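Should a chain be cited, it is by its letter among A, B, C and D, assigned in written order, with residues numbered from 1 in that chain.
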């Protein structure tokens, strides 16, 4: 059983009629339904809850955290960001979706600017699998279309991913590294590009399959927690 | 259920009294017992069987193949090597053990010389986890000793592994990249260093745990098989 | 001074009127002129020369080898392929161009099938820099167009590159990892996609700049040659 | 000509008699002499200077910055750290030495804890080259000893390096990834382990050669600066 917490800032859903129409129960609940699975125990959390719904208790009870944010990155408290960061170091998986590329937690984990090109032009995105050996590609076709979507274009200012799994083609002429894994501390991170708030992307079966695969992949591995600091010699020195 | 085939050249077991004593039923059977698990259906295969026990039928029914060889690399037919290679390209996992670094199949897959330094001096090896987020490190302590063991030292002439998980320290002064993953085609490969034929290495619980973790990790992922060759345009050209 | 040898099978130039028209002196000579530079001492070699122009003497006097081949991959002798392979292991740089993806030497070095999707449809390719920190991207714009070009599409059956520098967008809807580095043995390899034999690609300043950057990057590094085989202990054992 | 700035907190030199004895002019000046070279224009900077000697003007005039710090990481102002970070994003090379693993700038760039095991026991470190194709290994032997040195042991809490070049063996039984490259933004980073303040490590020719190689490698590459933000379509949409 993998314990999943889906975090959504849930702001567009309040302000933007298009988002309300597409995601009447919020992106978080669309995702919850979309990846529901006997192996997952799923809860949701949103910005306006106490501690943004990410108390120490809840995070300690979370194996994999999903993150969707956009207009309210600044409203996420540094304390919660540091808590999530520590949990990733300790083994919690983190799946960062779409505009989450600019979230405090993703920027802190990447150490880079995380900026990119973008355009909202109702265009076609075609996502290609470039690592068909990876479990995150399980059950995916060689390529699939998500349309309409917002464009994100290179150069995406991230460290080279540990594994590059998906690359997007955009109608308007750009490419993008859309499915990227990062091992950090004892945790595993997956960045997944699609998911603009006014499009029904999170009902798309290939998109949901990718996210679900990522949840299974990102669950804690269970290696021993590394010990830091002063360390007695294991072998005689100066013998 | 993961279908596992353990291949062993099974030559030292016939010639070398020390090997006979340590592995009376052969390295393959020690491994079979050691990683036995309700999720694995395990068979063994050896060099002296027809087609080395690796007929097309058996390979097509294998999810993950383990490979132990040493003195008889040359006796493995190129036909079988090519068949195993094709299966890896098509998604079969491959776990190459110890002296298998010089097998035809590993050299073919790596594209490099795969040579290294070695020494048989009954010395101590200490294996360190350098990627504690990886599933192959599940349940392992931060470091564990395998002793006595043969020494393998750098430079190990392989491509940089896609994921470096284990690094060995040797009493005699060398280091070695001992646990390495490689994604190739649709297949996943794990190279794991320990396992000299005269030492009881394959009864060590940490060694067996590593191999068992690798079997689970290396099982086929199930992405769509890529299509090659001429490809019709998906979008209008010259519009 | 970097000693460069440009190898071209030089077959299309004899048979194909379009190639003759675009490259009247052969692709090798177009490249020679295109990357000429005070720091490079450049010679060419072709398939029909004795030992394909790649004698031991010439290879030993080569720092970086460029390789263009297509219709005559099979005519390259295994002896020459093995010789080039050994030189790469010993530190010679290798730049594989376009249809060289299917050359014996590239397949041997990669260990995978190296197949891909392709289409000749006079379409537009746009090449994006995804690693702007890399010396191979020096002086390149963020993206540049090569048109018309042949399409190559994913999944490109190579190991994940050690460094992914360029990704192509194609008018017909595909993407491709177009600029890839691989460290192998003491050698450095760069695969660069564009260069169909009927298009004037090798006169394009961005294409030439990329190839020239790659030559400088791929020159031998000059670390000590690793020693293999039996190795005496550097430290006392069993003390 | 590469413009190099060597930054040293220069605190041990004031307080610690052993450091004063080993580095009477400070670690920064020992490094300056040690890597002096017609291709480098070298200046130094220290913590107690205005803006720690790292004003915008000086950083803008720096191609590669070396960083040695230990007891005074906290005294480095966030403003200067952010300025250095921005310069790395814009292409400046950064070489982080020894205890700099815990500096604000390294932790910010890595996004991880950067902690490790350590021990001061006057022990022997042997550094092995594991990527003999890399320019940072130029002129290095296969392995070299630095002794006495402080021990740093795994797990080193960094992202997997983009290129792992050096691995250390320690007398007391540990291993460490001692020479690591990271591409971040347009900048290149090299972490190099040895250099405890009471040992004459920065007079060792192999250590100096490694640092000098890293300076040449880390110099800005000169690709076009990526453009971020809203991007007009390059191709017609919805055609």
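Structure notes:
One rule holds in what follows: contacts are C-beta pairs under 8 Å (C-beta built on N, C-alpha and C of every residue); 3 or more make two chains touch, one makes a residue touch a chain.
Computed from a predicted structure; not experimentally measured.
Taking shared numbers over all numbers used, the chain C to chain D interface scores over half, which places it in the same class. Counting C-beta pairs in contact, the pair that comes out ahead of the other among A-D and A-C is A-D. Separation between the centroids of chain A and chain D, computed from CA atoms only, is 31 Å.
Averaging C-alpha coordinates per chain places the centre of chain A 36 Å away from that of chain C. The multi-chain contact residues of chain A, meaning those touching 2 or more other chains, are 126, 129, 131-132, 142-143, 153-155, 160, 162-163, 171, 173-174, 183-185, 226-227, 234-235. Residues 89, 108-113, 115-119, 121-124, 151, 153-155, 157, 159-160, 162, 171-174, 182-185, 226-235, 237-238 of chain B touch chain C in their complex. Those residues of chain C that touch chain A in the complex are listed here as 126, 128-132, 142-143, 153-156, 160, 163-164, 167-170, 173-175, 177, 236, 239. Residues of chain A that touch chain B in their complex: 91, 126, 129, 131-135, 137-143, 162-163, 171, 183-188, 221-227, 234-235.
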